[in-house]
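In what comes next, subunit A is part of two complexes: it sits with subunit B in the first one and with subunit C in the second one.
Presenting the complex of A and B:
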């Protein structure tokens, strides 16, 4: 089995398992975990947004929570102020996040490395404090609570049903993962990889490096916006605290643990760390020490993350299986 | 004679250092041009100014009737002028074929996010052509990060050719190659020069004098002489910059 086929099969298996979650978990009396898994799916989109920038274009952003927050508030304000339906509110949230990313990106992608990281933090801090002080619109620290409109009123589909809500989130996330898989293997995705691998060389084959990075930044904002809008609908709540850079930093950690530059890395990293939190936070209040130690170990011994390390394992196995036997005569011919 | 590239009064200062000092030179079309000169003569800086990788202090570079000074590297490439780098660098995380594929896609201005890159049949055909043309077909699925230095140099040439350039600047293309690789690459370069204008920077004098039609010699940022190989070899000024001035014998 080739390594690409192994990856495809595992991705399909993960998707199938997730699709079965709301059917299987109640059998074990574990309905509580349906919402935990839904939450993991949503947060993995924020990690996907970080991963697109860091893993595929080489830009480390500590400010993706800003676009998450815009998606969140766009959806919440759409419902509370404008009385929009669920889809209208989502659209408003995602549009707001994408537009914000288009503006911030125009400044941020002029810079790289630590300067880029700093400017992304600065942008998110500016809007964090703005949202905190604009109490009349955002609710500030208290946030905005609302009742979620139905997904499809005619069919009686609402988020109040746990299973329906899970499938609503699952299908949107699935679409995002499929879109991401297509993006990274598309010509635009190859441009991203070219800019990440060798910026100078990329410009010498005619790639506009600045425009390419900006496009990636806007798409990353779009994905973070979807995550934020989904999270607002999931929690029926929006709060400025989710725009803080601490949230962005968590998404960076999930991405690195799972494997930056891999499709499933963000999902695996987010799942591992959120499940760990759910299990451990009740048992040990200082569980974050263990998280920190775990992250340091991953960065030191498996810098490509969990999925990245698994991928190179399958690649190595394939290489040893398929290594051609070269006869001395052929070797002589090569020389 | 028509010029493939004409440089007029080009100067580059780095603080107090003048790397390229008021150079005016024509590189005629249809010839294999070589630029030589001792280390620090300003050859690579000249290429960097022409391709927009460094901003010029003053002067102009005319390619096909338009001044390139002020244009950005990717815009210059889009006009049909490609180059390779002295310090070889490719996209290390991709296979050799994907390296060339991204260059072909960039040249064809294909940047859709909605189709896989492998589904463009015409692009794949062009990638295969370039692989064969540069002799890299045997390494198509190899990671570019683990190529030998000589193969990286060939891949650089393939990337530059993906652009279907009308002028190709090669910066020490055979540096670091084994003798057999050198022989093959030199044959490819002279073959290329029949269809594309080439300007070559090279330190290997044997190669330069064997394949160049016209040699431009630079020394300390200035143009020393431009002439046919035989005349350059006999030129006293050229011998002086390479070997030093003959000392008086007492």
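Presenting the complex of A and C:
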């Protein structure tokens, strides 16, 4: 099998497994894990948003929690203040996040590397402190609680049913992953890669580097917005604390542990860390020590992340079958 | 007016302490290209060790011991956590993030989650510009300024300091000239860590001591480093002091959150207008 086929088959297998979880888990009496997996799916979208910028365009953002927060508050405020339905609230949240990313991105993508990382943190901190102090609107640290409106009242679909809620989240995430797969193989995705690999060469062949980066930033904000809106609906809760830079930092860690620049990396990284945390927290009071040591060990032994390392394994196998050496371009691409 | 003066001096005091911490980050980030997400937690460990050691041996011994412990901690961390991933800046984010979790959780396990306060080792106030000001805060500012000056002397006058700059400038030539590059890198990380812990020990009597304080100080020190210009140590100090004084002044007319937001806004404008640091071109 070629490495691309291996990757496609494993992605389909993961999707199929996830689709079966709400049917399979209750058989083992493990209904608790349905919600854990739903939460993993939501957070993996935030990691996907980091991955789009870092893995595909080469911009390290430490501020994606800002757009997550706009999506989250957009949905929550849409329901509590404007009495919107579920879809209207989601639309409001995602629109708010995308618009914010369009404005912030216009400034942020003028900078790169360390400077870009800092300006994204600064932007997200400004709104974190604003949300903390605007208690009447956002609830500040205490947050906003609400009851989620039905998905489709006529069909009796509501989020209160665990299985329905899982499929609601699963289908939206699936759509995001399909969209992402299409995006990175589209002409725009090629431009992303060109800008990431060599900014000067990209601009010499006529690519507008600034516009390309800005588009990536807006799409990343859109994805983070979906994650935030889903998270608000899933928890029936929104809080300023989810906009803190630490949340953005965790998403960066999930992405790199899973494998930056790979489609499934963010999902694998998020799943590994959240599952590990869930399991360890039941065993040891100071389980975060184990989690910290765990992430250090992963990047020491798999510097390209879990998925990145698996990919290079299949690449090497393909290479030994078909060609004498791995092409340097493939290797260089990963870093 | 008295309030404005007091808050401006508070800003200056805090700015000098932050400058010390940011200098530590500046050499780790600027010389080694390590995005050290655990730097705030190094500061936190400094406050906790400062309080604990001061409780048994007295504050003055703690002030000497804490940075030495920091140097040892830093060298150990460099050897076992940083060196395996030092070639990729993006991986150092993950290793130092893991480190940050380990440090915070270990402190919480050993020291407890309850925030504590430490009594100032020098009691009393003196009149200053028409207000009564804590003597310890004046001492903290003066001592930080002294340490900063010592740092600059060290970097420009000693062999080790010169080596550190040489490794930053051109690693291969430095190796060819016989500079023990690996040891210099380990020492650089150790010194950066020691500065953060020292900042913690100085700040312990004027701030709350708990396992979470590093989270607030981290973005502030990164901003000082970047706005001052990467690798420009003097710029880092100036940026740290400017930002803290500005925040102090604004907080005399508005609540602390608004002050924080306005200093962040100033920072983003500074970054956009002078993307390579406020003082780019002034020293090179």
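FYI, the second predicted complex is superposed on the first by the 323 of 335 C-alpha atoms of A that agree within 3 Å, B and C clash if a C-alpha of one lies under 4 Å from a C-alpha of the other, contacts with A are read in each partner's own complex, and residues count from 1 in each chain.
Keep this in mind: contacts are C-beta pairs under 8 Å (C-beta built on N, C-alpha and C of every residue); 3 or more make two chains touch, one makes a residue touch a chain.
It should be emphasised that the depicted structure is a prediction, and the values quoted were computed from it without experimental measurement.
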| item | value |
| --- | --- |
| First, second, both or neither for A:190, with subunit B first and subunit C second | first |
| Subunit B versus subunit C as contact partner of A:182, first or second or both or neither | first |
| Contacts of A:302 with subunit B and subunit C, given as first, second, both or neither | neither |
| Contacts of A:209 with subunit B and subunit C, given as first, second, both or neither | first |
| Partner chain in contact with A:118 - subunit B first, subunit C second, else both or neither | second |
| Which of subunit B and subunit C A:200 touches, first, second, both or neither | first |
| Chain touching more of subunit A, residue-wise (subunit B, subunit C) | C |
| Touching partner for A:157 - first (subunit B), second (subunit C), both, neither | neither |
| Touched partner set for A:60, first subunit B, second subunit C, both or neither | second |
| Residues of subunit A contacting subunit B in one complex and subunit C in the other | 335 |
| Parts of subunit C lying in touch with subunit A, wherever the complex brings them together | 29, 35, 37, 81, 84-85, 88, 90-91, 93-95, 97-102, 104-106, 108-109, 215, 219, 222-223, 226, 230, 255, 257-258, 260-261, 264-265, 267-268, 271-272, 275-276 |
| Complex contact set, residues of subunit A against subunit B | 182-183, 185-191, 193-194, 196-198, 200-209, 219, 335 |
| Residues on subunit A engaged by subunit C in the complex (per definition of touch) | 54, 60, 107, 110-111, 114-115, 117-119, 121-123, 125-126, 129-130, 132-133, 245-246, 249-250, 252-253, 256-257, 260, 285-286, 288-289, 291-296, 298-300, 303, 335 |
| Subunit B residues touching subunit A - in the complex, by the definition given at the top | 51, 53, 72-74, 77-78, 82-83, 85, 89-94, 98, 101-103, 105-107, 110-118, 120, 159-160, 162-163, 180 |
